[in-house]
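The structure appears below as structure tokens.
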């Protein structure tokens, strides 16, 4: 039983990592948005992800015991311990990059959280329930923007095409559970995205088509997030994010 | 006497801060230069400044005693303790910005180090002697580039003009010693740049004229480096620079 | 015509004297309109530019709770900017004109944002002192004579006092924290106290627009009165934190029932406004860069809307 | 004509067999030239692209000494890139052509640089293992048949062995440091060991260009022989560090007088080369971005030179 608890803790931590790292990237848009309304909307999305990270980490901390808190998970783990999927850590890029990443992730989470609501772990199910509503709002946004920018101008189309190409290879690992996750899937705790890849793909295809864009036929795929094998971007993100916290060991804020 | 030692230590630390922060900014050009030869040349300049910082900090550490090292000065002081002039901490900008900053600083150091060679403090004089040769090489480079880019194309002229405008207001504080420095000037230890401002200005004017550019007539001036009153750029620089060192307290490298 | 204008003006002033609100479609003197545009847009620009110094620490906030609170706060500022820009638009000035005036320096924003945020403590000090000073002003403006402005002030005040409490809570944590944290708190207080006092503007005797603005109830209290209120309320807050007061000449004046304060360095005030602050150029060039970076998005959105309209038209 | 070409070829081969150097102006077979361009430029591109993963840690080097050493090292790499580009230029391929081939993917660089540097330990591992593997290869190439290439190898080898020592010293400090440092060293060793073995290229039996290149002495030792040398020399180095060897199947073979190693994952090798590494796209887009960012500088330099020439001409 103790071992299962550790595994759920690790699973919750991973989901926290995904949310925190992505939330951090979106928060980098603050005061950089294309207009004020978008600054507000992007702030909302960033807030939702940071909030989600806090729920997952708090649950992981509860399972870890020993007085651990959400901040221990966010601020005191190293690059190699973070297990977020790589797509979340890529730099914010231009607005097209951010929108395409959100589209991929929002469609994904729409399925993921719907499944996680049915988890046999009631805490995870509860977090999923709270988060799903936000994700539906995010998805409306990223879908609408994809269509607007796909159809808008030559430049916006070019940028969206580039973003699709640059991001496509990072989507594959989202559907490849490792041993830990397979074990938790079999216990009805974790979500099995292998089965939902076809749905994800068909949703994305439909939206991309409506946006008069095309799915890349590139065959590359980069993997490694769940093993802590990250791109060079994550360590700089953590360097910045953890700096004040680490410079003052043991302080309260 | 103990008090004088502290003052010299602080003076050496300031000179170390100037060198380290500027060296750091130049080092950010690595693999970003306009061609390979420039990557090498910029690497050289960065190396010279880091080397200079090490000499000044080592001397400060020696004066501080208590087993302090150069790295304590570089890695374990906070933003408010750094006393470099602001011009050194500004982000690298484009190549024009880097060249104009170097021009200002190189002409400055050419006078500064020539004076510092005569310091009654033999350690400071020795560091000045070693550094002056490098600075003469730097100055040849920044002078040549200023002329090339000033005369080159419309775009290069526009960029150089913008860089002159953006940097001009940061040059004033370079010639304004504070109480500590005035005391050390009177003791023949520190350099008095008040007297050399006219020379600096006349050299800069001559080079800028040869480059077919103009000295800005803007009247703004930002001050505060020697009081630790920095722009928002320094804290991010230190966040990055100190991250690995601080994450591993007490470790050797 | 002259006499009828004068009639209009009299009726206008009578309405104001009777504490009735002026609404967008009402007649108003050209000068009332332009003063209002100046004041409301400056207020809006301050919210927008204010996002930068605080945004500077979102990625480094030292706990997840603080990160979320700060994100929400900066987002609120964007919202306040929007309300105020909308209020200005009701006076006939478009968003594009507002942005241009900000970027070319024709319009001002609160000069406090020309000071840099150097440490995390500054986020506490800004919330506590800068928002605190802003609230003193904004509370009085809830009764301002222009309807849309007064109504946005009511919404904004509610959120700002929330922000101020959050800023003060950061300061409490620091002040009761480790020695390094306490030093950080003191340092931020020292740097932001005086500029906060300057936020109320020059002494009444030196204030250019005050008399007319008071008469039109664009302003409701004088700079010095508002400043006094702020000085008085801040003293016990500093005491509670156990920090040193930055004003060494501060003294309770029994007779006035207020604190007498040390001299404000108005030269610094003028100097920073006139371009010698650490961040004047940075704030504007950041805004320009973001605006330019976003231009293709705005263009794409317009193009999309036009295309859709055309397609609907040709389908019909 | 055919027979005279054949005569030339025979003379050429005889010269090579006699260990004489081929120089730029000498006759050489077109295929010798093109093989050489491919090999030397790939080597040059590896130096240039190799600046990126190491440059990633210059701003974060944990001591001033390490920062200076790393800066100097990356600068040396730029220098090596220059020597090798110059050697390629002697074969009639211009710098612009070289850069274009790199940026369009026509030319390759060492696939090891498609792996990310995740921690400071990676800087140690790269210096020690990647430069170590490079040296094994380069030492043999000091005797390569093309003069300019052989001479640049001699210069480069001297500096590279310096780099390798510096990398190993980083590893020593980490391995004998705090538990966190030791873990960092082990982790970097684990990640960079196998890709270093792959640097020598496929097994001799699968190597496309090997036989002809050996005959022309463009290569002097086979991939497998060089790899064996590297494996053997690395074992005692790992032991000295007190780290675990990443190859669990490694065994001393008394008979061969060499270590037998575990199987290399050639699928990973192919996969990374073909675009599935963490950094393939990043490396090229970084190079393209820097090159484009610098185009106005190069243009200005050319324009300046032209203007000066014209002025001198009109003054004369």
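When the chains are written out, they are named A, B, C and D in that same order, and each has its own residue count from 1.
In this section, a residue touches a chain if its C-beta (ideal position, glycine included) is under 8 Å from a C-beta of that chain, and two chains touch if they have at least 3 such contacts.
Listed by chain with UniProt protein names: A, B = Phenylacetate-CoA oxygenase subunit PaaI; C, D = 1,2-phenylacetyl-CoA epoxidase subunit A.
Please read these numbers as outputs of a predicted model, since none were measured by experiment.
Identification of common neighbours of subunit A and subunit D yields B.
The chain with its CA mean position farthest from that of subunit D is C. Remark: among chain pairs B-C and B-D, B-D carries the greater number of C-beta contacts. For the pair subunit C and subunit D, the distance between C-alpha centroids works out to 57 Å.
Subunit B and subunit D have CA centres that are 35 Å apart. For this pair, subunit A with subunit B, the centres built from the Cα atoms lie 42 Å apart.
Counting partner chains per residue, subunit A shows two or more touched chains at residues 78, 239-240, 243. Counting partner chains per residue, subunit D has residues 60 touching two or more of them. Chain contacts in this assembly follow no simple pattern; the graph is neither a line, a ring, a star nor complete. Of all possible chain pairings, those that touch are A-B, A-C, A-D, B-C, B-D.
Residue ranges of subunit B in contact with subunit A, taken from their complex: 78, 236, 239-240, 242-243, 246-247, 249. The touching residues of subunit B, when paired with subunit D in their complex, are 20, 24, 27-28, 30-40, 43-44, 46-47, 50-51, 53-54, 57, 70-71, 74-75, 94-95, 147-149, 151-153, 155-156, 159, 240-241, 243-245, 248, 250-253.
Taken in their complex, subunit D has these residues touching subunit B: 48, 51-52, 55, 58-68, 71-72, 74-75, 78-79, 81-82, 85, 120, 170, 173, 177-178, 180-181, 286-287, 290, 293-301, 303-304, 307-308.
Interface residues of subunit C facing subunit B in the complex, by the touch rule stated above, are 53, 56, 60, 116-119, 187, 191, 274-282. Contact residues on subunit A toward subunit D in their complex (touch as defined above): 78-80, 86, 166, 169, 218-224, 229-232, 234-235, 239.
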